[in-house]
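Chain IDs A, B and C follow the sequence of writing; residue 1 opens each chain.
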Amino acid sequence: MGYVVQVIVDALSLGGLYALTALGIGLIFSVMRLANFAHAEFITCAAYALFALSGHPLVMAVSAAVLVAVALAVLTERVAFRPLRAADQATMLIASFAVSVLIQKLLIFAVGSRAKPLDPLPVLAETLNVGGVQIGLLKIVTIVTCAILLLALLFLLKRTRLGLQMRAAAEDFTMSRLVGVRADVVIAVAFVVSGVLAAAVAILYAAQTGFVQPRLGVQIVIIAFVATVIGGLGNLWGVVAGGLLVGMASSFLQAFLPADLRPFREAILFLAVILVVLFRPNGLFPARGLKERV
Amino acid sequence: MSHRSATPASTPQADLKGLSASTAPVWREELRRLSPLFILLGAILLIAPLGMMGDIVLERRVTLALVNLVAVVGLYIFMGNSGILTFSAVGFMAIGAYVSALTTLNPMLKQTFLPNLPDWLNALQISPLAGTLAAGCVAAAVAAVVGWPLMRLSGIAAAIATLSLLIIAYIGLGNWTSVTGGQTSLMGLNTWVKLWPAAIWACVAVTIAFVYQETRWALALRATREDEVAARASALLPVPLRLIAFVISAFVSGMAGALYGHFLGTLRVETFYLDSTFLFLTMLVVGGQRSLTGAVVGTFAISLLAELLRLLEVGIPMGPVALSAPAGLGDVVLAGVMLAILVFRPQGITGGREVIWPRRHAPTPKQKEETQ
Amino acid sequence: MTQAELRVRDLTVRYGKVVALRHVAMHIDPGEIVSIIGPNGAGKTTLLSAIAGLVPATVGEITYEQQSLLGAPLERTVRCGIAMVPEGRHVFAGLTVLENLQLGATIRNDASAVEAEIEEYFDQFPILGERRHGHAGLLSGGEQQMLVIVRALLAQPRLLMLDEPSLGLAPRVTEQIYDIIRRVRDDGVTVLVVEQNAGRALAASDRTYVISGGEIRLTGPSTELEKHPGFEAAYFGLGEGVIE
């Protein structure tokens, strides 16, 4: 029983991180049809910012991480993606791959490729005893943080004018511009939000793994990409559901798969991606009135 | 006849010009048609000897460029003709590399590194040539099976599916410990891929790509690339056409993987993942993804650039001091070049055209247009 | 003659090698309903799209209230006072009716006035009011057309452009839509409407341009155009003329 509860908590905290990452990618895809590989580097750079300020007060380190991720997101949009806005999706995808590699190599160039130990949230190392079950405080905080960020985003999208404009742009970009939605503003805001989400993921993920290295973001983003596709590219609620689903699938497969099959569990996820792309191109959770996205 | 130029918007005109200009003897027209192949093979055979004009490091570099050329041509065969972005080529390289390694490695060595290998595979030892062909064939067979359902995808869906294939291949090979050795390196491969063998295989790959793109399957495939709906309307079914290209592409990629293994002498699954995918994509996109000439030009241009950057990192002696750039700069510059090409010249250096022997008659309007 | 509100001079638009519009000149005066008619592929939608900034002009100029519209980003069109209702009823299908209307007022900053105005429209078009929290994609074709017109009006445009507002609608619904268009004009908004249904357009408009093969073939007051002997020829791309 206790074991099952632990697995569920693990699954939720992992799923939450994937959901936030997938949401960062899905948000940008929904407004500009860009599958952004470089999201990985937003996460990695935020983690390194955290590392650089690890001796300083937590507030400072966290703000620096958020600032770095947001600045990087806005900068890449301005320099690389804006000139390609009219290009086809494949070209934009290659471009985001190039941006991702460029930043990753710059990072290796600057700080080297070795992993460095990092424990940004030492206070959360304790475990709680809930009804006889040992649960890491960090896991709880991760779940709560993910929930708060999801609610905040829900508020932004559903209750503000900017959010309404973003949803309109996601649905019909040209028509939204015809009613006066400013394309540059909506896209910039999408990148800012994705930067914030990336920073949150960086902090929580670094706290769970205990180190930073230049490929940290890639590991998460590759899996979150699965969630984005399974949830339906550009369909934000589907993407969140996809993230949770993938986190849970990954945790459950890890927990219950026979030991010699465990290393292959991610291959199973990618097989699922291919099946979804083939048979449910709008994802497992298609939104109403949605046109074909892929 | 649009194989003369990869700008199919002008296909009808090109066709007419071809007819009206055919007052020249048929054999001369035929020769001109084949001229891109001869020019590209000539370029390879001219570049290869450069590897003998310096130290062993230079020779290794030129050899690597030629092996990379095989890989880029493999990528081009599908991407260039179908216009669909694919990430799986490097996965087929990985398959080819391991097939060749497992079929050519000394049984004694296999016994040591891979004790759990099935007996028949352990006992098998075939020649390097047979191993390379086997690599291509197995990769092609895998491509035929997985490609069959995937070929109805295009655009970003195809990119996602083929990326998933690459990742599955990476995870699969990296954890299939009894056959591939998993995360540990597989060592002791026969390193027969020296300068000239590499040059010959590069010529073979370019010839395969050229012969394929002259077939009517490839012509029809390029028609679907420009306008899928119109192509369907004229009864061109994209799925089988794409599958042919995908299988041939995987065959060449599989051979490229075998060459890679026998160039390095050591195999690691890591070698065949995102970094090399990015390198080959860069070479193809920089050269111009819609022509074979683009694949060749891009490979050599990026190889040359990488070599210059490497020299810069080692340091250029300037009198008493050596001017040197910090290590790692090369990778940064390559990614930057890729991005710049995408933004400023998305059709690549060649603009998607083939090199072709000029006509000796007065230039046709189309050629004038090209020289503008 | 007063200064024209919208003026198009020598407009040529190309899609690649295909010329969609060739040296087109036209104007609209304040308070008019002007219609553009012509067969399929004549260039009607291209003309409207060029004015709205959806397609770039190859040559020529488009001025609205003496300001050039060329080269401006798409989102400036509505800020100049021109609202466009494109062909095919582009509602934001996944958004609610109310949200669609709120988006119509994107460029305005008087939230309470907008709210009151939306309520007035709900009274005028009760079907929209009933469905205010329903997805716009679930409305019928005629209701969607109504919604996009009202959405465009919420930007308080001085010029309303409609592309084939009757396309695919039942005759009775088309009648309603044209009723709305007339009311809009009575409120002082200039209207430019593109129609394939020539009779419909002539009946509803003050002046008409007949466009065919990318060129304006005939123009004049709608009532006289109908009786003009060259009308049919012009419609099918023959002849050229102006009725003054």
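In this section, a residue touches a chain if its C-beta (ideal position, glycine included) is under 8 Å from a C-beta of that chain, and two chains touch if they have at least 3 such contacts.
Bear in mind that the values here come from a model prediction, so they are computed numbers and not experimental data.
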item	value
Farthest chain (mean CA position) relative to subunit C	B
Chain centroid nearest the full-protein CA centroid	A
For subunit A paired with subunit B, centre-to-centre distance based on mean C-alpha positions, whole Å	33
Where subunit B and subunit C are represented by their mean Cα positions, the distance between them in whole Å	52
Chain centre separation (subunit A, subunit C; CA means) in Å	42
Subunit C residues counted as touching two or more neighbouring chains	none
Touching residues (chain side subunit A, partner subunit B) in the complex	33, 35, 80, 83-84, 87-91, 93-95, 97-99, 101-102, 105-106, 108-109, 218, 222, 225-226, 229, 233, 263-264, 266-267, 270-271, 273-274, 277-278, 281, 294
Subunit A residues touching subunit C - in the complex, by the definition given at the top	161, 164-165, 167-168, 171-172, 174-183, 287-290
Footprint of subunit A on subunit C - complex, ascending	52, 54, 73-75, 77-79, 84, 86, 90, 92-95, 99, 102-104, 106-107, 135-138, 151-152, 155
List of subunit B residues in touch with subunit A within their complex	84-85, 149-150, 152-153, 155-157, 159-161, 163-165, 167-168, 171-172, 174-175, 274-275, 278, 281-282, 285, 326-329, 331-332, 335-336, 338-339, 342-343, 346
